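Starting off with a structure, shown below.
Naming follows writing order (A, B, C and D), and every chain is counted from residue 1.
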Amino acid sequence: MVCLCFLFVFFNQGPATLGFRQKNFDSANHPSASYTDSSDDETSPRDKQQKNSKGNGDFCIKTSNRLNSEMPALMALRKRAQGEKPLAGAKVVGCTHITAQTAVLMETLSALGAQCRWAACNIYSTQNEVAAALAEGGFSVFAWKGESEDDFWWCIDRCVNVEGWQPNMILDDGGDLTHWIYKKYPNMFKKIKGIVEESVTGVHRLYQLSKAGKLCVPAMNVNDSVTKQKFDNLYCCRESILDGLKRTTDVMFGGKQVVVCGYGEVSRKGCCAALKAMGSIVYVTEIDPICALQACMDGFRLVKLNEVIRQVDIVITCTGNKNVVVRENLDRMKNGCIVCNMGHSNTEIDVASLRTPELTWERVRSQVDHVIWPDGKRIVLLAEGRLLNLSCSTVPTFVLSITATTQALALIELYNAPEGRYKQDVYLLPKKMDEYVASLHLPTFDAHLTELSDEQAKYLGLNKNGPFKPNYYR
Amino acid sequence: MVCLCFLFVFFNQGPATLGFRQKNFDSANHPSASYTDSSDDETSPRDKQQKNSKGNGDFCIKTSNRLNSEMPALMALRKRAQGEKPLAGAKVVGCTHITAQTAVLMETLSALGAQCRWAACNIYSTQNEVAAALAEGGFSVFAWKGESEDDFWWCIDRCVNVEGWQPNMILDDGGDLTHWIYKKYPNMFKKIKGIVEESVTGVHRLYQLSKAGKLCVPAMNVNDSVTKQKFDNLYCCRESILDGLKRTTDVMFGGKQVVVCGYGEVSRKGCCAALKAMGSIVYVTEIDPICALQACMDGFRLVKLNEVIRQVDIVITCTGNKNVVVRENLDRMKNGCIVCNMGHSNTEIDVASLRTPELTWERVRSQVDHVIWPDGKRIVLLAEGRLLNLSCSTVPTFVLSITATTQALALIELYNAPEGRYKQDVYLLPKKMDEYVASLHLPTFDAHLTELSDEQAKYLGLNKNGPFKPNYYR
Amino acid sequence: MVCLCFLFVFFNQGPATLGFRQKNFDSANHPSASYTDSSDDETSPRDKQQKNSKGNGDFCIKTSNRLNSEMPALMALRKRAQGEKPLAGAKVVGCTHITAQTAVLMETLSALGAQCRWAACNIYSTQNEVAAALAEGGFSVFAWKGESEDDFWWCIDRCVNVEGWQPNMILDDGGDLTHWIYKKYPNMFKKIKGIVEESVTGVHRLYQLSKAGKLCVPAMNVNDSVTKQKFDNLYCCRESILDGLKRTTDVMFGGKQVVVCGYGEVSRKGCCAALKAMGSIVYVTEIDPICALQACMDGFRLVKLNEVIRQVDIVITCTGNKNVVVRENLDRMKNGCIVCNMGHSNTEIDVASLRTPELTWERVRSQVDHVIWPDGKRIVLLAEGRLLNLSCSTVPTFVLSITATTQALALIELYNAPEGRYKQDVYLLPKKMDEYVASLHLPTFDAHLTELSDEQAKYLGLNKNGPFKPNYYR
Amino acid sequence: MVCLCFLFVFFNQGPATLGFRQKNFDSANHPSASYTDSSDDETSPRDKQQKNSKGNGDFCIKTSNRLNSEMPALMALRKRAQGEKPLAGAKVVGCTHITAQTAVLMETLSALGAQCRWAACNIYSTQNEVAAALAEGGFSVFAWKGESEDDFWWCIDRCVNVEGWQPNMILDDGGDLTHWIYKKYPNMFKKIKGIVEESVTGVHRLYQLSKAGKLCVPAMNVNDSVTKQKFDNLYCCRESILDGLKRTTDVMFGGKQVVVCGYGEVSRKGCCAALKAMGSIVYVTEIDPICALQACMDGFRLVKLNEVIRQVDIVITCTGNKNVVVRENLDRMKNGCIVCNMGHSNTEIDVASLRTPELTWERVRSQVDHVIWPDGKRIVLLAEGRLLNLSCSTVPTFVLSITATTQALALIELYNAPEGRYKQDVYLLPKKMDEYVASLHLPTFDAHLTELSDEQAKYLGLNKNGPFKPNYYR
């Protein structure tokens, strides 16, 4: 695989540095060190003339001097492009959350030789100071926090529809960018070498296109890479369930009775083990007998929801199913019961059933609603039933770093793949690349991998450099 | 013990209610439901004419319509004084943090028959909306957030120095109120039946007074009650170490190397076990071989600080000692290392040694400083080395409830104790009361205590109703 | 799937009973209740005339009145064949370990309508008293503890080569029975409907036959069923690593330094988590970066073996690889270091390298050797490097029950499958049956499975009765 | 404390050796390497002429060539007396279990200058091969396995009542030796400098003597030393509960429901945490609200025994109370329920109530009885309700080493204490010595203690060398 040799050169040189953040954000931010929000400026960014300090005006952002999000001191992803440029000639149009981590990704792609134009995949998630720093750094960014839906599509369009620049790679998170090009500029696909898609939703759309025979370029599904799945689902949720509950409710975990609906990867270590370790008593519901038996062996009582609904202090859904917690269950919960969702589907808790006249909703703080029954009983509903760890917690930079590294590798693979390696279909990242992403993150933990001897490799029937597991290994 | 019969009547009747918060705060708060801070009003509360809705003006607060702190849905402490009033005739002057929990305590004391006047024990910690609700409820409260030092003593004085009202009980947190009366109104002690003191510092002052022969009334040290100690030290810290680190740094715990200095009660389950459960690799330093051997048996490598200082990601002190982490150690830490203190002493980390010209301090968010070495290395210092769990986390209401219950019981005990039971000395809460406080919190967990049979009580040489452990039991 | 309806009738009726053990073994065993071993009888069973109490002599066993292995009080597998007989007409020839659990399986098959003839798959593992009880119960069993190799094949032959009885199903554990029929009686396969194989080795042989185009009947690989894998690998090893080490060495786990080679399913929860929970300090070695990163996130330091070999108290291999611990490593271990293998391959520890003249071997108790270096250093080698949990621990009946249930289901499936469902190939148990095996074991834990509503099943695109996971799900 | 300087010289020199075991036992044992028990020799040892290889006949033992108990490879306790002999002139008469560990203690005392005569404190616990090795080594040992009660007192008498030798120190375990001297040779106490007592029972007897004014020499209670208590109760039980259950019943812990009666030190980490870690669901009963609240916060449901008695798989008592599990509870348990006791009192389970005609007892293996109800229900009773971890598990050498070291130190302290330091009373080991015992065991774990700086010692008000905790610290 030709492309990998590039990467080994680029990624494996020397110690980590604080990199991007120090160079761009800190200097801009420190002089002020003020926490005043300048967001009372009501003029739309679209109506302003904007230029960065070098006179470049090909971006549209909202300026800010507040730094909301700190990046941890160490980044696993590093960029030291020298000599070879595996993305030389690549013109990447991207549509993702605009955060410090994305900035690192864009700088990385740029260092690898790509040109980038970028829009936000969510109208709320843009960090204005990051967008500002990127614009100042010469990137064509079209995004600000609090876009209208019209703004949203306008920004995407500005990324794609520009004189003298035609994208040949798509990096998407949610499929809106891909959708827009399909709808407005289908001819562009003639020059596009591939799509890299990050989200569950976007991947689902791509598979539908593929089934319908309408996918006209290869696409790489990076959402389902092993590394990402393991870390997002298991290790990330293990911490974010505690963090999300604590920040929103200050609940003490010790002695609390909790029911977790579903015992798949997310809930297993992600929720159940973490809460057990903190002294909660955890009950589990399941539909699949194999997962159910595992819950038993791990020390959780397997119950039907209604057996414990009256006594539990916290209800957590992580099933991927719908209507797991319905109005009847909510009616039976005790006063003060906390209800939240850690699954991908927003319909796990039937929140709609709580929008009835006899119930009063009270927003007690951001992401926290009290739903009040006529007799005064309050249910504490978090994030209106949406995914708790995205709404009420932070995603560790370590996990974001894994995602960004995977995206970069997928772009390089698609961009450099010889004719015919990929058809007009949806692909998973090759196992070897998945393993490579993992290996890039080991130095963070001062972890030392063992190498197979020639004799051992032969015995196991493996190449000494991997892949070590079959492609279907999860 | 006569007083206990009162309490059993008062405290053991029926299910928990949301109580105070619903009745007083919520109604006041909901109509607005706005999060705007009205704190730009620059006039001092001392310069305003204030009256509550019934025309009562004996208080001094700063009005607010913002609700900072939510109370959990269930409170273990409940008040249903009917008939007997164990504090009838008591005139309690109090000086504590003014929070929702204190409000519950004051309402409880009032329901038990006491009259109360209250000041804040800290110039920053007053929750204005709580003070407002208390004033509206008819309590004489003198406190607002952001008092000057002069305001602070003025407020205390207004509690004590009032025509026609002479306190006969003191409830103090820190000893400032006691100090003020000693200094300004020593004659008041003639009518005072006792002091209940909550804080380490205040208790220390009382023991000094006692040693010097200057303590002129009995004092109850509620800081060292078993229940409080166990819960504050162990269970509370187990959660607050994670919460404090997460809220300030968003650090991912999995795989992180952590050194914890000291292996006493706080660090044992409080810090070490919690971090281990989250996937951190924890090292321990100790000076006492008995504690050291326990660290070994619990699965932690016992090291000297310098053996691991270059490799760890997080340094936590919980020793009660001074200069546990000194400049030399800080110089050797790696870039991005997080340093914080969970011990009671603010001198565990030699923060003063970091105030030198070659180091740059950067405040990156509330409670978080980056200290930057000339070569660009950053150390992340939390809460400037002060107690992390007070500064950067929340104290669970459950723990506050234990404290408040203990305070109320101590007041009742001192107020009702027959002549001669208590001398002019500092006392610990009798074991039986400690056990009673614990028993009052069991219903929260739907926990069912087993009762001794007559035969078993005889076999063990115990009274069936306790105390079950000797007074020295910790 | 027609066969399943039989099973639901057979397996889902009423509470567990002690079943087999009580009826057959206990009564036979109690009168004596003596622990004397009658194994000094030197005559070969082959040379004796044997008849059971009903005069039947079609078996060959060694009588015994000692009961080595107790069966737990509850068995998940139960047999209550009434009416329908899904194995009516089946003639099963089996070759497995002869233990109490196998006896339950044979009784089950018999109750389901099958006729059985049985031999042992291992010359040492036969429990003579079980064989005796089976013979007494009318089963044709040919097995005793301590067979010679010649005896071994003689016994197998006696199962197969009998006048007037031709097997139509094979149940094998290790492939020796299958091999014997291939070699001696290839024509028998004309009437054989299928092979059910339990072991890794036997499955491997079947795949080789299949590849070579020589497999002439369908075969079911029950070794790789999800339920079996999960329980054997993970939950079983979690307990057997502690048990195996404790019974052989009485080592105290607290504070011990342990290195575990390999971080796959077995070692993950099986070894590492159990030892961590007992207070050991665990290091991990890995070759696969994805598994390595998981070890880091789970809180284990990832090292190369030589980094820690001088300091560790225990070395455990679970890789499936060869020469993971070699003489050079063994030379560097400290005095008293315990070395054992939890992996399937006996070559993980290079035990052969220890058979050199300068090293003295001392057998200190069963399964425990001290290997003594010239300077007096002793290494404690367990089970001569063979699989620890088979050699030095017990396999919980619960796990054996899962295996036996799976075997019975596989036989039924193959026996009843319509023409053409299975070709001359190796098959995994259908997911639905795997789930069914799991569901049969849930009542042991008083576990209550949740059922999908019609609406939910539709939303998920699943049948309400499963299968709930795709066939590749592990 | 003069004596400590001796000890530092004696104990802190160089690396651990396998010591005693290698020198005496192994050589004697290996030639045979046979496991045949020669215990069918029916002649009483009292009736035999015995001489060791040097012609010395002042002992009485039963020869054996079987080694029952292996000692772990490393011993923390080591003896390298050179020059100074703190026990020079001491004549120690001892009455303890005769095991390999005791042999190490006796060799240690001898190396420190003492002369020893020894009897067994239990008629069953003597390891004959240890006694043999000691006799061969020149020690006057009077003990064998299976003494009659008459033998027992005869052996003790032979230790004390000997021409030309008068003991001046007593080392007792259970108080029988002390009792014998009180009864038969009260005048001996004139020359005796002190008693060191190891057991709960013996300590109890000493306190009774003291209360009655009849204690005529100082006595050291080493049972209640912190180190011993912590390790015996907590760390030892954590492992022995699993080991004891596994060896007797082969039960799988995962998913089992367990009720633990009592939540003191033993059960807390000892039983509850270990079982929870292995995947059991643990319920707790308690009478003390403070302990009860801790159980809640640690994540265990607090119940009354009858709430869960019908559903649990295992019942464990650790209360110190009597009749915690009575016949009524036993009647309600489900078939196969395992019942055992981890508390010190043998009356926690009312075993006597099971000795009724309608119940059948069946001894299924050593320490395991099935009690069978008329309907066939079986309860699995372990060790007839006696302490499980002594009966069915092994006590780790590490813990025995702590005990032996404490005993040696106590002897030295009493023997060398200046006139007047100890009166005719029962003393706890001084804290500093307790800490010293702990420090002697740290090298086993390669653990590195931190030393206080002068400044820190001053700040804390401590001596740099300890004691670090007040004497009442547990």
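Quick note on the criterion: a residue touches a chain if its C-beta (ideal position, glycine included) is under 8 Å from a C-beta of that chain, and two chains touch if they have at least 3 such contacts.
Treat the numbers as computed from the prediction; the structure is a model and nothing was measured.
Peer 1: Among the chains, which one keeps its Cα centre farthest from the Cα centre of chain A?
Peer 2: Ranked by distance of C-alpha centres from chain A, the top chain is D.
Peer 1: At the interface of chain B with chain C, does the proportion of residue numbers present on both copies reach over half, so same, or stay under half, so different?
Peer 2: The interface of chain B with chain C is built from mostly shared positions.
Peer 1: State, to the nearest whole Å, the distance from the C-alpha centre of chain A to the C-alpha centre of chain C.
Peer 2: Measuring from centre to centre gives 42 Å for this pair.
Peer 1: How many angstrom between the C-alpha centroids of chain C and chain B?
Peer 2: Computed value for the inter-centroid distance: 57 Å.
Peer 1: How many angstrom between the C-alpha centroids of chain D and chain C?
Peer 2: It comes to 39 Å between the two C-alpha centres.
Peer 1: Which parts of chain D, given as residue numbers and ranges, touch two or more other chains?
Peer 2: Residues 235, 254-255, 278-279, 296-297, 301, 445.
Peer 1: Which chain B residues qualify as touching chain C in the complex?
Peer 2: 254-255, 276, 278-281, 296-301
Peer 1: Mind pulling up the chain B residues that touch chain A in the complex?
Peer 2: Those in contact with chain A are residues 18, 22, 26, 30, 33, 67, 70, 72-74, 235-236, 238-239, 242-243, 246-247, 249-255, 257, 274, 277-279, 311, 335-337, 362-365, 368, 376, 378, 380, 394, 396-399, 444-446.
Peer 1: State the interface residues of chain B toward chain D in the complex, per the touch definition above.
Peer 2: Going by the criterion above, the answer is residues 226-227, 230-231, 234-235, 285-290, 292-297, 301-305, 307, 320-324, 434-436, 438-439, 441-442, 445, 447-453, 455-456, 459-460, 466, 468-469, 472, 474.
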